[in-house]
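After this come two complexes, each holding chain A, first together with chain B and then together with chain C.
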Partner chain A sequence: MMTEYSENNFEQCIKCTVCTVYCPVAAVNPLYPGPKQSGPDGARLRLKHPAFYDEALKYCLNCKRCEVACPSNVRIGDIIQAARIKYSKKKPGLREFTLANTDLVGSISTKVAPVVNATVGLKPVKAVMDAVLKIDHRRTFPKYSQGTFEGWFRKHAAEQAALPKQVAFFHGCYVNYNNPALGKDLVKVMNALGIGVQLLEKEKCCGVALISNGFIGQAKRQAKVNIASIRKAVKEQNLPVIATSSTCTFTLRDEYAHLLDIDNADVRDGIELATRYIYRLLQSGEAQFRFRKDAPKVRVAYHTACHMEKLGWAYYSIELLKMIPSVELTVLDSQCCGIAGTYGFKKENYATSQAIGESLFRKIEESGCDLVSTDCETCKWQIEMSTTKRVEHPLSILAAALE
Partner chain B sequence: MKFDSVIIGGGLSGLLCGLRLARAGRHCAIISSGQSALHFSSGSLDLLGALPDGSVVENPVEAVKALSEQAPEHPYSKIGVERFGALADEAAALLSEAGGKVEGTSLQNHYRLTPMGTFKPTWLTMDGYVRSDNRVLAWKHVALFNAEGFLDFYPQFIADELRKTGIECELHTFNMAALETVRRNPTEMRSSNIARIFDCDENLDELARIIKAEMGDCEAVLLPALLGIERTDGVARLAEKTGRPVAIVATLPPSVNGIRMQRALHHAFEQAGGTYFLGDTAVGCERQGDKITALYTVNHGNIPFVADDYVLATGSYFSRGLVAEHDCIKEPLFGLDVEAAAERSGWYDRNFFEKQAFEGFGIKTDKTLHGLCGGERIANLYVVGAGLAGFNPLAEGCGAGVSMLTALHAADCILNKQ
Partner chain C sequence: MNKQFDVIIIGGGATGAGVARDCALRGIKALLLERLDIATGATGRNHGLLHSGARYAVTDRESAEECIRENMTLRRIASHCVEETDGLFITLPEDDLGFQSKFVDACRAAGIRADVIDPKEALRLEPSANPQLIGAVRVPDGSIDPFRLTAANIIDAKAHGAEVLTYHEVLELLREQDRIVGVRVIDRKSGEKAEYYAQIVVNAGGIWGHDIAKKAGVTINMLPAKGSLLIFGHRVNNIVLNRCRKPADADILVPGDTISLIGTTSSKVPFEEVDNMYVTADEVDLLLREGMKLAPSLEHTRILRAYAGVRPLVASDDDPSGRSVSRGIVVLDHAKRDGLEGFITITGGKLMTYRLMGEWTTDLICKKLNINAACVTATEKLPGSRDDERKVGRKLHAVPAMQRESSIYRHGDMAERVAAETSAERSLVCECEEVSAGEVGYAINALDVHNLVDLRRRTRVGMGTCQGELCACRAAGIMARKGKYCTRRAKADLTDFLNERWKGMSPVAWGDTLRESEFTKWIYEGVCGLTNKKEE
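Moving on, here comes the complex of A and B:
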């Protein structure tokens, strides 16, 4: 079994081109040379001289599907991201700052949510953002909620702490600023299993958008805060850390070590997706759900987000959805929706982003589903903008079906 | 995670085994460490081209008796002379239905055209490829069209070889605007990248117009196998639009048609209720007595795969189903008994083109393909495909056949057990 990594990981590449076959960007954007050339082939050249760095690496959306496909265990996506971090001369600007600082922007926006939501939906505002910031005017912006999840949670922290068994919840920016309802659903589901939820001592944005937009120093600082809090929870309080976002989970577990040089080996196994945690609990027979008898039938199509594919954990979310008596489930073929976090918001990526997702959108419409489900918030935005369907996290669907 | 059967390895062998089991109602998982060797397929699958003593095989079903006498430990000998023909036909039918149309019979080998222009005996050939019943092309005069700048195809070799057999072969290159977009990255002029442009009807029809204008009075048109990743009607559509027979020739990897077959089999497996875990690697197991009781992977960490039966379909050296250390050859996951020469000097012949002993090394099994550990049979572990001992896929031209037939044989052993 090939699980070891050579010192120069790119040397494991045998040039089979399988990665490029499965690259969603290379399939639609001829400006991108594809993962083999950008990753292991380019790494060999860049080692010779940094001038071989190609700015076209910015077209990589870091989906990691190249790594999932690679038969030789080459960390192609990591090689590309690491090269961007090390060699890119393009300095991030105001647009990158705005897109990357999800928690700063979120904390301001939630205070004046109705204004922000209405304003960014206005055509003239979109036109200005397009012209000045190069954020594509065709994009629909995620709505900010009035009040944060953390704010809601503080009022319920005491009653949560009273439950005998506890988990720590890494809620992420999306739950905090855009969709506190998902956080509340998570609490409801965990409570139904007899488990109380608490937050980490300190939580910062996982930093995925900082990494992809070139703010590495800030990403490292935030990662250190998160890992310190997670270490305290896992090691000192013996608390499992669970999350609802597949990308936050993937970033905390893998990107920290691979791209930011943050040692998380001692706590990595203590961080998991809530659906995986719940699956294991149900399998052990320690707890079970009581479902509503009167829940209306709903046809759900499950979409496997890229980082979910990389984690390999779609199975747990799918199995939970299958358990819900009122859900009729279709599993869509795993493919990229095109948004990749902040990637699809950028004007130069809009066409690529929509072309990547096009066949997925078509399959969703053809599936006859009432609802799409996915573990990734940015997939949700992309699918809701590009299809007629609403998208919900598996836990929200589960929460609605519980007594 | 509880399954009836867990298959480790998601290539040709693992997929066919999984498909057979899943269609019989078994709850199956496949764990695959990256994409498989089907991505390097020649477009043909071999059953038996030569016996271990070197004699050429025309009719594999007839020859298998002699094979079993010469090589009692050959996987085909374990399957049994009586079962061999029927199993080959079942495998061919299953592949054709679930993986894409293939043609050929186990009663008579036909010949495929290699990327070097020579003919080799084979069993099944994917739809659209050049094939011959007698090592000679069916046409006297052909035009071979190649995409300008395509890096993995050498038309001159093919033309030279064909000319030796009295065939006139004209060489042409084609270019078009859509190809220019691929050429922005000239190092990436690979089959799969070029094939993508022909998923678009307009580009394929433009190719037809170019061919029609240049083909002259040739009897047939040959092209590298890159007429669309998604579509299966590329050859037929070109033939219709040009009014001439069209056939494709294997390129160097990646194999566009092999990719399509992998995807089709993967899809069929999931349609049959199977779960395919791509990009995960099995790294450890628990064993109680003569049974495997749990299997651990990189992605799933402390949640093991638990099954009644396990099938090891991890392939040979390339996919690390077998690992050659400096002084031994081992099966890394379960530590199964491996058949190999003890001394390294006995592994290979210094003449590269001679039959190589290491090709015949592999995992030992009993007649029902159970893996062995210290000579003891593991009752719920079956070994299938390229990792098996006792056959030489290159010298005997039997690699795909062993993968497919052992896959179905193991599936039958599992199904007949209860």
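Moving on, here comes the complex of A and C:
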């Protein structure tokens, strides 16, 4: 059994090609050479000469399902992303800047949320964005909230600090700008367990969109700020750092070290997904929930986001949902929904994105569920846009079922 | 087929191909006979190093001068077979740094550019080099692909009227009194025998030239010397690495195409063994141990295979003991030497001097045939090297990048002949080396391919990390579809091909190499039902 990653990780590939079988893009887009060709095979050719870099590697949506499938521990997704960083000659443009700077765009948008939300929904605006920015006009944009989660939290920080046990919450851009309600739900759930929530000393966007859109320098700078804050929480204050977003969690834990050369080995184990933290706490017997008796029955279909699959932690969210008496849970087959963060917003990826998700959307409609649940915010946007169902984070469903 | 030629050349290595091309360009009607495929002997079993001559500068000035002249010529005429990597001669703490100045002086005296560079600069240029190095000299070494070089010579010889028969073995030399007048050959594929006649027969058989001479009734004192090499799975270095000391074992690491090569060992072997070279465990140990001194990362790099070739060292005629060996070019006019007319042996030399060997031999042929034609092989570019590769790349812009670049790297301007219109033609046969179905088709149609091993030499099918795991059955399928053979023979060929791959892997079968070969075995035995037993 292979457990180690060698210096020449790509050489561990024995060409079994199971990665390409599991690749959601290769199945629908013939322009993409597939993970084996783009990853270990290509790495060897690129060592010969950079001219062997194929710009078609941009079609990789970085779901990492290839890495999950690989029996030889080849970091296929990392190899592909690292090659894009090293060799791509395509410089990011205004579209990439707009999509990648979730922090900047979010902080502006939340101040004038009703205007932004109404404007980007307008057909002429969509047409202009499609033509000028190449952001596909068929895409529904996520709504911005009025006021940020951080703003709300500041008013409650003192009462949170009063609780005897504490966790640090990495809220991410989505909770802060789009869905503060999820952050509030997390606070409610943690408080129900007798735990107070605090924020990190300084939090920047985790940078996943910066990495995928080619802003590596900025991604590194933000990563350094985040890891410094996380280090302070984990090492000095002895606080676990939890996040509701599977992609933020995955980026902080793995992408920082693999793609940005940020050493996070000392704090990696201190960063985890909120549902995992809660589940393990309940299992230890230290705390328990009291559920509402009058909660209405709800049929929930759980969708495993790609980075949840890569983390291997979907189990915890699923088990938490199963504990809720009013929830009747169906677990959908783990597959990519096609959005992959900013990927699906790009005009050239729209068709691929929707083709990847098609069978998932069908299964969701056929499942007869009232609600879909997933840990990933961009999966939520994709599924809400492409099906008739509403999508909620497991913690929101949990919060609603608590007394 | 016409049975009368001006010249018959025996041996399809670089030398034989070089003689054939030179003859054809001078209007001499030539037939080239090869008992196996082209470049199967010493030509295809060496480092693929485009020597600057620096290695010989201290010990053999004449060879060094020949090397640097041919080096510059080959960059010009065979650009698609050459990669201008440069080379470093590094001095390690265990070596004598005093040798460096002697080395540099000798290089310069032989006309080889030799720049002493700072060790730090050397490491910046070639990060894989041993960081403990205390001295470095930069020289114009490079890498050269012997298969492509031989193939390009054959293509051009044929384009100028030469005939080439592979898998034709010479059974006897036909003699009339004191003159060789032709050869009797057997077609090893069909078993048919035939006789061909010429005014001159050239023995360009490398180490096998020893036996050919014997068939003509003359004796050449040859000494088979085995040299073993290891192929690493990817490019470790992009500049040739040598040790700056007296030439010794395993002191050259060459980047060649997608891989790096370390070699060689050197040991005398008996004549009975030259057809079946194998690499011993001790040789693998030696190559790795010494190789790691050049580039420490070799310790953790996957080794793809090991192989060995036989150098045809020729004992000087005036030394019957056979101890004084020449590495220089040896042209033997047997009329003068043995009183046997119509027979010439060309031997000694090296891959680097193949063209010069062709020139000298053809000069002698011209003299004997009273032909007044000058040699043009030093200026006439080989097919593949005639057009700017970037121009070819632009023409092939619709082909996926990795496939396009690989195809151009292998075939130079001839990459245009590879069909890439349809998605079927662009589909990959060999995924490690990016060989498309179109390229396989081109090789089968235009490059004298008779089996999968021949196909490998012309395209690199099966030369990547998977060593045939994915590509061998696909390639065999295309061969069968193109009418090269029936299903039964396709299966036999597949077995031969995989066994040949395994032969190279077995001396280094550990780690990922072993894991991959086990997987290959599982696919071919378990899924394809291939067995090692010969079918009835």
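Quick notes
Throughout what follows, the second predicted complex is superposed on the first by the 402 of 403 C-alpha atoms of A that agree within 3 Å, B and C clash if a C-alpha of one lies under 4 Å from a C-alpha of the other, contacts with A are read in each partner's own complex, and residues count from 1 in each chain.
Methods note: a residue touches a chain if its C-beta (ideal position, glycine included) is under 8 Å from a C-beta of that chain, and two chains touch if they have at least 3 such contacts.
Just so it is clear, the structure is predicted and the values come from calculations on it, not from any experiment.
For the composite obtained by superposing both complexes on chain A, the positions of chain B and chain C are in clash.
Of the two partner chains placed by the overlay, chain B and chain C both lie in contact with A:Asp41.
Once chain A of one complex is fitted onto chain A of the other, the partner contacts of A:Gly344 are absent, as it touches neither chain B nor chain C. For chain A, the partner with contacts to more residues, out of chain B and chain C, is B. In the superposition on chain A, contact of A:Ala51 is made with chain C only, not with chain B.
Of the two partner chains placed by the overlay, only chain C lies in contact with A:Cys13; chain B stays clear of it.
In the superposition on chain A, A:Gly214 makes contact with neither chain B nor chain C.
In the superposition on chain A, A:Gly357 contacts neither chain B nor chain C.
When both complexes are overlaid on chain A, the residue A:Trp313 reaches chain B alone and has no touch with chain C.
By the document's definition of touching, of the two partners only chain B reaches A:Ala69; chain C does not. Residues 16-17, 30, 33, 36-37, 41, 72 of chain A contact both chain B in one complex and chain C in the other.
Considering their complex, residues 1-3, 16-18, 20-22, 26-27, 30-31, 33-34, 36-37, 41, 67-73, 269, 276, 279-280, 283, 309-313, 315, 331, 333-334 of chain A touch chain B.
On the side of chain B, the complex with chain A involves touching residues 1-2, 33-36, 39-40, 181-182, 184-185, 187-188, 190, 192-193, 196, 229, 253-254, 259, 267, 270, 275, 277-283, 297-303, 314, 318-320, 332-333.
Residues of chain C that touch chain A in their complex: 233-235, 257-258, 297, 300-302, 400-402, 405-406, 409, 423, 428, 431-432, 434, 464-466, 469-470, 512, 515-516, 519. Residues 6-8, 10-17, 30, 33, 36-37, 41-45, 47-49, 51-56, 72 of chain A touch chain C in their complex.
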